[in-house]
Structure formats: structure tokens, C-alpha cells
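Below are structures written as C-alpha cells.
Each of the next two complexes has chain A plus one other chain: chain B in the first, chain C in the second.
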Partner chain A sequence: MSTFTTECDQNEYLPLGGSEVNAIVTVTSDGAAGETSQPEAAEIVIIDTSGSMGAPRRKLEAARKATSVAIDCIRDDVAFGLIAGTEVAQAVYPTDGTLVPASAQTRADAKIALRRLKAEGGTAIGSWLTLAGTLFATVPGRSCHAILLTDGENQHETDDHLDGVLSELEGRFQCDCRGVGTDWKVSELRRIASGLLGSVDIIAKPEDMAGDFRTLMETAMGKATGNVSLRLWAPQGASIAFVRQVAPTIEELTDRAVQVNDLTADYPTATWGRESRDYHVCINVQPRDAGEEMLAGRISLVEGEETRARALVKAIWTDDQRLSTQINRGVAHYTGQAELADCIQEGIDARRDGDLATATFKLGRAVQLAAESGNDGTMKLLQGVVEVDDAATGTVRLRQNVAAVDEMSLDTRSTITVRVGPGAT
Partner chain B sequence: VSTEDVDVNAEDVNVRTQAGPSCPSCGAPLQAEDRFCERCGARVDDEGSTEAAETRVELDLTIAAAVSDQGLHHHRNEDSFHLAVTGERNVAVVVCDGISSASAGNVAARNAAQAAGVVLDKSVADPDKDASQAILDAIQAAVDAVIQVEWTTRVKRVDPSCTLVSAVCRGGEITVGWVGDSRAYWFDREEAHQLTVDDSFAEEGIAKGLLTPEQAAKSPFLHSITNWVGPDAPERPPRTVTLRPERPGRLVLCTDGLWNYAPSASELGGLIDALPRGAAPAAVARALADMANDRGGHDNITVAVIDIDP
Partner chain C sequence: MTVLCPHGHQSETTDYCDQCGALIVAGSPGGGTTQVLPALEEADTSPAVRREPCPACGAPRSGDDRYCEGCGHDFLGPPPAVAGWEAIVTADRAQFDRLAVSGVSFPAGYPERRFALADGENRIGRSRGQPDENAPEIDLARPPADPGISRLHAVLERRSDGIYALRDLGSTNGTMVNDDPAPIAPQTAVPLADGDRVHVGAWTTITVRKR
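This part shows the complex of A and B:
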């Protein structure tokens, strides 16, 4: 059974009359799973087989190869299946509307089915997800995960339809989304991944696909703990300003609260392997008198109804300004990382809309934040889009010719954060 | 107002019997191992500061004084008061009693007394402001303050509420306004009067001839109040009364934690008369609170005493 540990980083001192309590909670899972506690898993790979996947031809060929690598990573007895997606969804393996336990035989059969895939038709991602949901429903009680690969925009469905599908499927399975090439829409895949608690990334070159699929499937197979929720209790009279995952990526969780009782809500965190994530919690409480201490929040990791770990968020009111004005490093850092992600997305949108002044300002601020926080990965991606004159002041010039893949990589990976490092302030 | 006695709108009121430890801040029941209250988050173990809350608050302003005492049976003080002396002898006073069958009665009483006090202080300083209107404004401010107690809607309990009695003493005139069963009395060398008439089923019963005062005093409805300050209060205007005393005397405002032990004006007056002649308001207030504790201290006790010299 995995062990979870938590750590809470905050400045619990508030000025008199102060009501906003911030804390960074680090949750670490050792990912240790005994034979018996390994959750029963189910896996589906959803491959876009629309016409565009055949041009260039190697795109579909790379998808076949990548899926085949992913299939090899699936543990014995994990229920799995393959879906081919066009304007309709088709279960290509198995074809009888169920999932099959992985074995040498079924893996080989699945690869044969892969070879028969043809690239023709449109793109209706909602229908692919709906079929995945239906197939997962045939293996109740399992921890369900899908990989979705597409190279284009959702053409045959309205946004509303897709939103409806996502809210219907939320919590039923987790879905990692991958866009290959540059003809897909970052915001669309992000919406799907975020709705289904998965990751989103760009695969710029078809030949990189196999390596990425292997990592995804190995990570999925390494998940030792099924559905885990972050449970937040806050006292009567308090309100939750936000709950946000801030590392390794930024994910807003505030709107995903599932109320447990008047004072407690659960936020979904899906499955956990051997990993560590940070959460930024912001709670507004009723101010108390100087010297009074209160519990502003209690964070628990719950699996089913079992509590795995706990962290306390406290508030102490003081008239000592030396205490109350200290800004917690972790809180400041992640507030900056969230702003960084927002600046990148707003900058890219502005650039696309031809508002170059806003784009320059936002991306300049992003460069400044990335430099301050030592977020080298994001800095590198930013440099693909802007020429950095002075990172410290955020002075940048927009590049004239930006490759679509550079802009999409920056957009997709804008939510990747770094932890507080020695160089960070 | 004590837990067992309030029975207004019986189906709404969750009458709680106090059993086991409870949070000193909000009254929620506590488990022995709790470090923080599971409802309001207040620190409740020994290291916390809420535990060390004063069991008695005293304010001595020479010509006026107030004492609020937790009593001997309650785990916290749900009474609250505001007292201010301005100019020569202008006094603004508010006494509130949190209804303990409701959530956060202590917060309701504290916020009500504070809000009403702010309005009264301002009005007392304004010679053009009519005292009765000032008191009505102050009570409205108290109602607004209690409605804003945020946890009113979060749990299915009775909304926070309290009683309120207040007075403005200015230029030889005393104006008293009240909601509920906290009282005001006037004592001078010849007279002892109760200035207020409780908003209670007992008083209404007497007024309608349904009960004799003796029956009312024994009635289980003695403490069932018919008007209070809170979001769910009946829409009845607060009552006011104005007095122009001819002789020096004392105005006394108190909660039922005191008058339970000396219900009639003459009994209370007798207790004050037994004190040394010329006792200061602070001495009188202390003596009355101590008397209530000596006689059982069943409820929180708050008493304000103001010397009037017209």
C-alpha cells in the first residue's frame, strides 16, 4: 500500500483584521504497491484515423508503432482495448464492445488490428471519448486510463457537445491527450485533458511518438493508488478562494469541488504513482483577535473513505508586523508560476489576434517571471517566440517568423512549473 | 436566556442540552482529543488562547460601570455590553444576551452590542438627534450586524440572535429601548421601577389577562421571548420609553442572569439599598453580579449601573 506524506508551507501569521490564509501543501506518494494492492487497471488507446493522419503517411505509421509500444507496456490482466476515431468512433480491438485482459495472445491480436487501420474520415473527439466511457463501464471498479492521440481540430461536434461529454465522463476515466503536428488546437486538447484529469502535450515529430507513448503507459502502469481526492475542511464562516495544483503543472481545482458536507469538499486528483505534487490553497476566514489561533483548513488525502495523510493550515493573528508581513516563499513562488502560465496564454492569444502590444507586454512579463523563478524549460520555449533583450526587466521583441510548433509547444507546456529552487526568490 | 428555557417556534429551535466539553468560541461539541474546534476552527487545547477567555469583564467609567460575568454553569459568556460616557454626563449603554439555543449566540451579542454602541455614541454627541430615534437606529444597526454573522445559513440551526436593551442619558432625560427580555430599572430614594416590559410569552399572558404575575413567574414560558435581534426575528418594532427623573438615582440595565434572582424592581432595589450609601456604580454592578453567582449563577450575568444626577 502506498504511503502518502504531506507538508504544509505557510506564514500562519495574519495582521489584525486579515482574513486571507495561503498555504502550499506538498503531497508525496512513495508509489509502493504490494502485489495485492495494485489497483485493477483498464487502458484504452484512442487513435485519430482521420484523413489527415495519412498525410504525411508516416504520421499514421508512427501512431501504429507508438500504440504497439504502448500495448507492450500493458501489464498482464489489465483490461485493454483500442479505439479508432474519425467522425465516428470504432472499437477496433476487441470488436465486441468489451475490453480484454492483456496477455501475449491478446497483445499480438491487437497489433494485427492496428495494421488494418486506414486514414480516412473526419474528427469527432466527443464520440471517441463517449465510446471509451462505454467500454470502461464494462469493467466496473477498475482504475481507468486512456491515451488520446489526434492531429486535428474537433470538426464534427460543437463545443457545447464536447463540454457535455466531458462533464458526463468526469471522474469515470483519466485521459492523457497528445497532439501530433501543428494542425490541432491547444485550447481544445487542454480542455479535454483538464476535464479528464490528464496531461496534454505536443508531439512535434511523428518519430517521437513511440517514446512518449511508452512513458505514458509506463507511468499509468506505475500508478499504485486509484481514485484519490484532496479533501479540504474549512471552518464555518470561511470561504475557499481557490484550490490549485501548482506542481508539476498548474491545474485549477476550485470549480471541481464535490461537497462532502457543509464544511468539507473533495477535489479529484485521480491516480498516484511514485510522485510529489504541490497544491496552493487560499482560504478566507473570519478575522479573530490578536493572539488567537485557529485552524483555517485541514487537508486530507482520501482514497475511498480512508484518510491517507493530513496537513493543517493555521491562522494566528498578531499586531507584530514583522511576523504578519513576511511573504511565504512557496506562496510567492507559485503565485508567480500561475501568473507565468496566464501571461503566456494571454500573450499567445494576443499575438494570434494581432494585438502585438499586449503580446509583447505579456510575453515580456512571462520572460521576467521565468527568469526570476529559474523556470529554464519555459524560458527556452519563450525564446522560440520572443527575442529576449533583458530578462530581468522583461524587455523582449516578438520574433517575426515563429514556427507553429514553437508557439504550440510554448502554449501546451505553459502550465509546467518548477519548484522553489535555491536561485528563486 | 438559558438553553432549556427558550422555546420560541418549537419546531425550529434545536434545544440543546449541554453535555460534554464544547468549543468556548462557538459552542460546538468537542471530542476530548480535539486541538481545534471542528466547526469554527478555534484552538481549543490548553496551548490555545481561546481557553483563557476572561470569565468576567468589568468597565468602570466612574459615573457608570458595567460587569459581565460568565456565571457558574455556562462554558462561555454569551452576554455582551457597550458603555460610553461623553461630555459631562452623557451616557450610551447597550446590553445584549446571546440566545444560546441558536448558533453563535455570543457572536450575535458581541456584534449587536458593538454595532448599536457605535450608532449611540455618535447620536449622543449630536444635540439635534432625537434620543428615541437614536435608539431605534442603534437597534437597526444591531439587527444588520447580526444578520451579517456569516454562518447564519451554513448549518441547519437557529440563526444567531440576541436580546438587546439600551439607553441614552442626556440632559436629565433617560431614553430606553429594548427587544427581548433584558431589562432596565430605575431606582431613587423613593421609587423602584422596571422601565421595560419583557417581550415574552409570560408578559403577554399577563397583559392579556391569561396569567397572573404569580402564575407567570412559575410558568415554563417565563423565558420564552417573543421578539429578538436576529435574521429570523418577528417584524415587531422595538419598544422605547422616556423618563425625566426629578431626583438623583440609578439606572440599571441587566440580562436575565441577574433578574432571575431578583425579578421585581423592589427586590432588586432592596439589594442595592443594602449596599453602603453612596456606593459607586462599579461597586453596585459588582455586588449585583456577585449576588447572582451566590444564588446559583445559572446563566451569564451582565449588569450596567449609571448614576443619574438631573
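This part shows the complex of A and C:
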């Protein structure tokens, strides 16, 4: 059973009359799991086999190969299955509406089923996810994970239908989404990944798919802990301004709250391997007198009903301005990273709408924020879309011809953050 | 085991109050010592109260001491629980299915709640949320709350022979005991045996038993 540790980074001093309490909570899991305590898992790979996957031919070929690599990464006895998606969803392995335990034999059989896949038909992602949910329901109690690969937009379903499917399936399984090529919609896949607590990324070249699938499946297999929630207690009269995962990526959790009682809510964080995540918690409390100390938030990591780690968010009121005006470095840093992600998304949207002034301003601000925080990865992606004249002041020029793949890469990866401090990765 | 916070809340956590978040001073049981409770002033002025026997062990109270010298009982705290009796509250799927109340769903998760029964009245009901001075002793207001329970639903009273009797206080949806589908008559005491199940609301079962 893995061990969780928490660290709370905050300036607990508030000026008199101050009510906003900010804290960065770092949660680390050592991912240690004995062979016996590893949770029973289930895996489904969902492959888009719509007509476009056959053009160029190597796209479906690459998807086959990548899925085959992913199948090899599945541990023995993990229940697994394959779904081929067009305007309908089809369980291609196994075909009897269940999942099978992984073994040398079943892995080989699944690869034979893979070879029979043909690229023809449309795209109805909601129906693929619904089928995955039905198959996962045949193996209750397992920690369920899916990989979704698509190359196109959801054509045969309305947005409302997809939203309905996502809210129905939330919490039932985790889904990492990958878009191959440049004909898919970033906002759509992000909505799916976000709703199902997974990641979203672009695979620009089909030949990169196998490596990515291997990483995804190995990460999934390394998850030592099942469904974990961040539980937040706040005192009477307090309100939660927001709860946001800020590292390794930005993920808004505020709306995901599941109320436990009047003062306590759970925020889902899905499965954990050996990893560390940062959360930014902002709570508004009722101001008290100078010198008074109160607890603004009690945070615990809960797995089922078992508490695995705790952290305290405090508030102390003081008339000493040297104490109360210090802005915590972590809070400032992650506030900047959240603004960076917003600027990129707003900048790209503005550019697409032809509002070049707003696009230049937003992407310029993004360049400035990326430079200040040392977010080199995002900076590189930004340079594919703008020419940087002066990063410090955020002076940029929009590039005339931007490759779709550059813009989509920037869009998908805009939520990737860096940690505080020089040289941090 | 609860402690008193400086703002007068009973807190199950001992570092900060689990209601208002106030810091509870370590090392002083009962937490905040700054607040003078009205009960203490009464104890100061009335000689008759000074020698009151401890309700837990019977030792006479020394002056206006807050804690009993005999057993450490808190004279300002709630009356002591009678050793051995408790009410265990659970969400009862079988009962829910039997009643089949339309428009009410069975809670997805319901942590078992235990209430030690006090000597005297133990009212069953739903408070209007905290703070509520008139909250029933067995307060089932915390979510997931059973919508079929009245604000003041029923009461468990300890009789002089040590047996607890159940009395429905004129609740909207009635109170049932064990497997009898008929509700008990309102305002009529029904003696309970160890292990008897009291059904209230759409899915709540309260098992009364000796510890």
C-alpha cells in the first residue's frame, strides 16, 4: 500500500479584515505497492476506425502497432478489451460483451482481432465511451482505465449528448485521450479527458504513437492506489473560492465537489502511482481579531473512507504589515501558471476568430509569463505561433503561416505547468 | 470524546474546532478557558447546587469545581451516558425496498452513526442545521439526510427499571418496530428489548442495544 505525504505552503498571516486564504498543497505518493496489494485493474483501448483513419493508410497501421505495444504492457490477470469506434461502437475483443484476464493466449488473440480492423464509417465518440462503461461494469470493484485514440471530430452526436454521456460516466473510469493528426478538435478531447479525469495530448506523427501508448499503459499499470479524493473541510461561514490542481497540469476541481456534509466536500483525483501533484486551495473566511488563529481548511487524502494523509490551512490575523503583505512564492507562481494557460487558450481563440489585436496581446502576455516562470516547454510551443521580440515585456508578432500541428500542440499542452524555483522541471 | 472550543462548540477534533475552526488551546481539557459559561455563575451563587452529587459517580461536588473529584466528570458538559446502551443508525436497504417511497432514492453511502443513550430523554429528529440549541440528541440532519424523518420524530426514554421505551411524538410518517409493518400508536410508550430495530423515515433503522 502506497504512502501519501502532504506539505502545505502558505502565508498564514492575514491583514486585519482580510478574508482570503491561499495555500499550495503538495501531495506525494511513493507508489509503493506490494504484488498483493496492487489494486485489481481493468483496461480498454478504444481505437477510432472511421474512414479517415485509412488516409493515409499508415495511420490505422500505426494505431494497430501502438495498440499491440500497449497490450504487451498489460499485466497478467488485468481484465482488458478492445473497442473499435465508428458511428457505432463495437467490442472487437473479446466479442461477448465482457473483458478477459490478460495472459499470453488472450494477448495473442487480441492482436489477431486488431489485424482485422478496417477503416470505414463515421465518428460517434459518446457511443464508444458508453460501451466502455458497460464493459467496465462487468468487472465491478476494479480500478478502470481506458485509452481513447481518435483522428477526427465527433460528427454523429450533439454536444449535449456527449455531455450527458460524460456526466453519466464520471468516476466510473479514467480515460486518457490522444488525437492523431490535425483534424480533431482540441476543446472536444479536452472536455472528454477532463470529465473522465485523464490527460489529453496530440500525436503529430503516426509513428510516435507506439511510444506514447507504451508510456500511457506503463503509467496505468504503475498506479498503486485506486480512487483517491482530496477532502476539504472548511469552517462554518467560510466559502471555497476554488480548488485547482496546478501541477503537473492545471485542472479545475471546484465544480467537481461532492458534498460529504455541510462543511466538507470531496474532490476526485482518480488513481495515483509514484508521483507528486500540487493543489491550489483558496478559501474565504470571516475575518477575526488581531492575534486570533483559526483553521481555514483541513485537507485530507481519502481512499474509500480511509484517510491517508492530512494537511492544515491556517489563518492568523495580524496588524504587522511585514507579515501580512508577503505573498507566498508558490501561490504567486501558480497563479501565474493558471493565467498563462488562460492567455494561451484565449489567444488561440482570438487568432482563430480573426481578432489579431487580442491574439497578439494575450500571446504576448503568455510569453512574458512563460519566461518569468521558466516554463521552457510552453515557451518553445509559443515560439511556433509567435515571433518573440522581447520576452520580458511580452512584445511579440503573430506568425503569418502557422502549421496546424504547432497551434494544436500549443493548445493541448497549454495546461502543463512547471514547479516553483530556478531549474525546476 | 469532544472538547469545548472558545466559541462554545463541541468539537471532535482537539487541535482546531471542527465547527468554526477556532484554535483550541492545547493541554486544557475543554479547550478555551476564556469563556465563562452562564452555568458556572449559577453554580457560584447557589449554595444548594454546590453540594450537588455527581450524576456519573454520585460523589458530592466540591464547591464550584468544574470537574468531579471522584471520576473527572464535567459538570458543565452533557449528562453522562448510561453505561451499556447505544443507538446505532444505519441506512436500511431492506426497509427502503419494503416501503418503496416514490421520489426518494437510497443513499449511495451512509456511514454508520452511533449515539450513546443518555439517562433520560433521547429525542430522535432532524435539527435545522447548526447552531441549533434545540437539536435533538439523536440528530439525523447531517447529509445524507432521510427526508421522511420529522423535525421531532420520536423519543427514547429510560424508565426507572433501566429499560428504554420508544414514544412516537406525532411524526408525519410514523415509527415502526422490528418486522411489524404497522406504525406504533403516537404518544404511547413501547418498551424496547436489547437489539430491537426502530424504523423511521424512508430508510433509516436505529438499532437500540446494550454495549
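Throughout what follows, the second predicted complex is superposed on the first by the 422 of 425 C-alpha atoms of A that agree within 3 Å, B and C clash if a C-alpha of one lies under 4 Å from a C-alpha of the other, contacts with A are read in each partner's own complex, and residues count from 1 in each chain.
The working rule: a residue touches a chain if its C-beta (ideal position, glycine included) is under 8 Å from a C-beta of that chain, and two chains touch if they have at least 3 such contacts.
No experiment lies behind these values; they were computed from the predicted model shown.
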With the two complexes overlaid on their shared chain, look at chain A and say whether chain B and chain C clash or fit. clash
State whether A:Gln259 touches chain B only (first), chain C only (second), both chains, or neither. second
Where does A:Glu305 make contact in the superposed view: on chain B (first), on chain C (second), on both, or on neither? second
Once the structures are superposed on A, label A:Tyr267 by its partner contacts, choosing first (chain B), second (chain C), both or neither. neither
Partner chain(s) touched by A:Gly291 [first = chain B, second = chain C, both, neither]: first
Of the two partner chains, chain B (first) and chain C (second), which one does A:Tyr334 touch, if any: first, second, both, or neither? neither
When the complexes are fitted on the C-alpha atoms of A, one of 91-99, 109-117 or 127-135 in chain C overlaps chain B. Which is it? 127-135
Which parts of chain A are in contact with chain B and also with chain C? 233-238, 262-263, 285, 292-296, 312, 315
Can you list the residues on chain B that touch chain A in the complex? 26, 35-43, 48-50, 150-151, 154-155
Spell out the part of chain A that touches chain B in their complex, as residue ranges. 233-238, 262-263, 285-286, 288, 291-296, 312, 315
Which bits of chain C are touching chain A when the two form their complex? 13, 15-23, 111, 129-130, 142-143
Chain A - residues contacting chain C, complex: 233-238, 259-263, 285, 292-296, 298, 305, 312, 315
